[in-house]
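Each in structure tokens, the structures are laid out below.
Each of the next two complexes has subunit A plus one more chain, namely subunit B in the first and subunit C in the second.
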Partner chain A sequence: MVIETDRLSKQYRVTFAVRDLDLAVAEGSISAFLGPNGSGKTTTIKMLLGLTHPTSGAGLVFGQPICDDAASVKIRQRTGYVGEDKRLYGYLTVGETLSFVRSVYPAWDRDREQALLRRFDLPLDQKCQKLSKGMRTKLALVLALSRGAELLILDEPSEGLDPGAAEQLLEAVVQAAADGTSVFFSTHQIAEVERVADHVFIMNRGRLVFRSPMEEIRENYRRIHFAFPGRSPTEEMNVDGVFRLRPEGHTLSLVVTGNLESITQRAQSLGAISVDVQPIGLRELFLESVEEGRS
Partner chain B sequence: MILHKTLWRKSWLESRTRFIGAAALLLLVIGWDILDSEHGMRQFDRIPPIAFTQYVAYLYGSHFQLVWIASVVMLGLGGLVREDRLGTAQFTLTLPFRRRQWILVRTALGLIQASVLALIPVLVIPLAARFVGHSYPAWEALKFSALLWAAGIVFLFGAAFWSSLLSGEFSATAVSGVSALLAFTAQDYLYRWIPSFRFPYFNMSAFLAGYDFLNRTTGLLEGWPWPGIVKSLCAAGMLFWASITIIERRDF
Partner chain C sequence: MYHNYETVDPAFFKVDPASGVPIYLQLMERFRHAVESCLLAPGDQLPAIRTLAQQLVISPNTVVKAYTELDQEGVIELRHGVGAFVLDGERHRDRGKEIRIAKNLVRAFVEKLRKQGFATDEIRRFVEAELNLTAEEVRRGH
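Showing the complex of A and B:
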């Protein structure tokens, strides 16, 4: 695992920003970190990078403890990060910023830097304070990708980007993953996740409420509607493989993670008069996970 | 890793304007005071008139102190908390350096810059004195500058301390200024208002001007205020330790 956390928590006075987070991100994966605003995604990322100190629990990145000062430097040596804010030193030009960061990373890949600069069309002579948010994001991405990082942590990288720039960003991320870099990114763009991610983690109110490989979602996750002649048997249907269960009058709506056949058989034995099985998208799963937290 | 040029480059780029501004201010004030010394010395209205060396000693004990403190306070401002307000702290802190390294380099550079500023009077006073028909020993200016430096680092580290607590550019500056003012005046008020106050008296202004070792007839220093130097270094050390502790524990 490239990232592992064990009951990682961050508490601000009486509020938990992150609570008992058990995260396991596989090496070489593209893992998406979803959640509503304020769900604890950014706080988690900050803890992984040593920007914020956990209140309790533990975390490892590359097997190095995130709370250890010296280990945190080693983690950052091998990690590329594009933060939520994407602010860079306004007094440096794009070219100076590249040279500044290049001097810190011995494994800097000049070829990749040049290729990305060509792709993103960044003005080398322009001061960073004059760059648009999209340009700043592109530059941050060049800095993160060119350092020879083994792990990319991106916090809402496509926020504020036009569709063309967002597409370029996704291509760069996929390319990085193809080159062997693990990617862990938070986003609100579910369509992006469906396109590029192979693992999904969903946070809500500081807790991890959902985790699954994308392949499993596509192959095994289904929504089933059962219609019953009378009151829907909610408790009797809460069996193995049921992820979410919602009674709506005479019908029962289920999100299942597998075990489809035996769930259907059980519903029929309880008197279900119709069965409707549909594939479920990540967007629905996200809403189900978050709704559950709200209720 | 403290020798990594990136750390120094960033610290220099972020402090150079303040440093150059402080140097220009010192240069202007000292240069003007010396070039205008004939007029300045006449203000004393003494018979016989005061010697040039006495006039210089007077300058070290008067408004020059204020200019010096303002200069070193400027050098101590800025840092990671200010960066947090500007939005660049995440970028800085995700580079592979410890927070302690950033602070150490910034502080070391501040000390070097304060040393350079302290050398300005050593160069300017003897040189400008020649233009107005006087002479002043560079060694004497160096002794005064050593006192300026020793007292100045308390204010330098004080400004760094407040900058590690307060993110607002003006709040850190204002509180540093008020702290400097209190360092000069608080003890006098405490002794006046609380008769039982028994803390050993330390007059910052007198220390900066070397009053305890100043020959008032010649205007030259005849010794070193070692207790004051030690106290200054201890106070600066404590402020430095407090700044590091605050920054290392802070969430960004």
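Showing the complex of A and C:
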């Protein structure tokens, strides 16, 4: 595991920004970190990078404890990070920024830098303060991707990018993963996650409410509608493999994580007169996962 | 470099991430189809993992999974550090036949033991014990 946390929590007075978070991010994987605004994604990322300290719990990145200041420096040396603010020196040009940052990292990958510059079409002579939001993001990505980092942590990298640039970003993420870099990124772009992610983590109100390999969602997760002649037997249907269950009059809507056959058989033995099984997309799963916390 | 691949439209390998079928299975299906319809011939090199991942904008790990499974099925051969190559169609058809025969043998054998009153777990233990034993013998060079 490249990232591993154990009951990681961050409390501000009486409210928890992050509560009892157990994360496990596999090495070499592309992992997406989803959740509504304010669900604790950025706080988690900041804790992983040692930019803020947890109030309880523990975490490891590359097996190094995130709360240890010396270890945290080592973690940051091996991690490329693109945050919300994308701090750049406004008075330096893109080219000057590159040569400055390049000189700091011995493992700088010049070929990758050149390839990314071509792909992103960045104006080398432009001062950073004159860059558009999308351009700033692209430059921050070039810096993070070219320094030979083993782990990339991206906090909403596609925010503010036009569709073309967002596509280039995804291609760059795929390329980094193909080179063996682990990628952990937070985002609101569910369709993008569906395409490139190996693993999905969903946060809601500071807690991890859902985690699964993406391929497992496609393979095993289904939405089922059963229609019953009378009242739908809600309790009787709450069996192994049922993730969400919602009675809607005579019909029962389920999200299942597998065990499809025995769930269907059970419904039929309880008198279900019609069965409709559909694959479920990540968007629906996301909404189901964050719905639960709202009450 | 990827001799026939260049003549195959990348759209041929297009996958649907929103479908209820894992992407690696969709990819396997596309490649099987490419081989069956002779778009890819025996000996042809498949696109490199990173190339295909980038072209389709999917996780390289998914491509690895598809190639590994196709290798196990005998459709392609993964040569370490070199790439993936389409195997001789005749050879993998034969392999498919062999696999079917082997499965039938196992089915007949399991049915026979069941008729003799052995439970599933007992049969599983017999088979596992036998496999462990033969693995041990192989290891010791018998």
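Definition applied: the second predicted complex is superposed on the first by the 293 of 295 C-alpha atoms of A that agree within 3 Å, B and C clash if a C-alpha of one lies under 4 Å from a C-alpha of the other, contacts with A are read in each partner's own complex, and residues count from 1 in each chain.
What we mean here is this: contacts are C-beta pairs under 8 Å (C-beta built on N, C-alpha and C of every residue); 3 or more make two chains touch, one makes a residue touch a chain.
None of these values were measured; they are calculated from a predicted model.
Visitor: Clash or fit: subunit B and subunit C on subunit A?
Guide: fit
Visitor: I want to verify one number. Taking the Cα centroids, what angle sits at subunit A between subunit B and subunit C, in steps of 10 degrees?
Guide: 140
Visitor: In the overlaid three-chain picture, which partner chain does A:190 touch, first (subunit B) or second (subunit C), both, or neither?
Guide: Touch partners of A:190: none, neither subunit B nor subunit C.
Visitor: In the superposed arrangement, which partner chain does A:167 touch: subunit B (first), subunit C (second), both, or neither?
Guide: second
Visitor: Identify the partner contact of A:89: answer first if only subunit B is touched, second if only subunit C is, both if each is, neither if none is.
Guide: Touch partner of A:89: subunit B, not subunit C.
Visitor: Looking at the overlay, what does A:151 touch: subunit B (first), subunit C (second), both, or neither?
Guide: neither
Visitor: Rounded to the nearest angstrom, what is the minimum C-alpha distance from subunit B to subunit C in the superposition?
Guide: Closest C-alpha pair between subunit B and subunit C: 26 Å.
Visitor: Along subunit C, where are the residues that touch subunit A in the complex?
Guide: Its residues touching subunit A are 17-25, 49-50, 53-54, 57-62, 65.
Visitor: Using the touch definition up top, name the residues of subunit B that touch subunit A in the complex.
Guide: Residues 4-6, 9-10, 13-14, 86-91, 93-98, 100, 248-249, 251-252 of subunit B touch subunit A in their complex.
Visitor: Would you mind writing out the residues of subunit A in touch with subunit C in their complex?
Guide: Touching subunit C: residues 28-30, 167, 170-171, 174-175, 177-179, 191, 194-198, 214-216, 218-219, 222, 278-281 of subunit A.
Visitor: For the complex, which residues does subunit A have touching subunit B?
Guide: Subunit A reaches subunit B through residues 46, 49-53, 69-70, 72-74, 76-77, 79, 81, 83-85, 87-92, 100-101, 103-105, 140.
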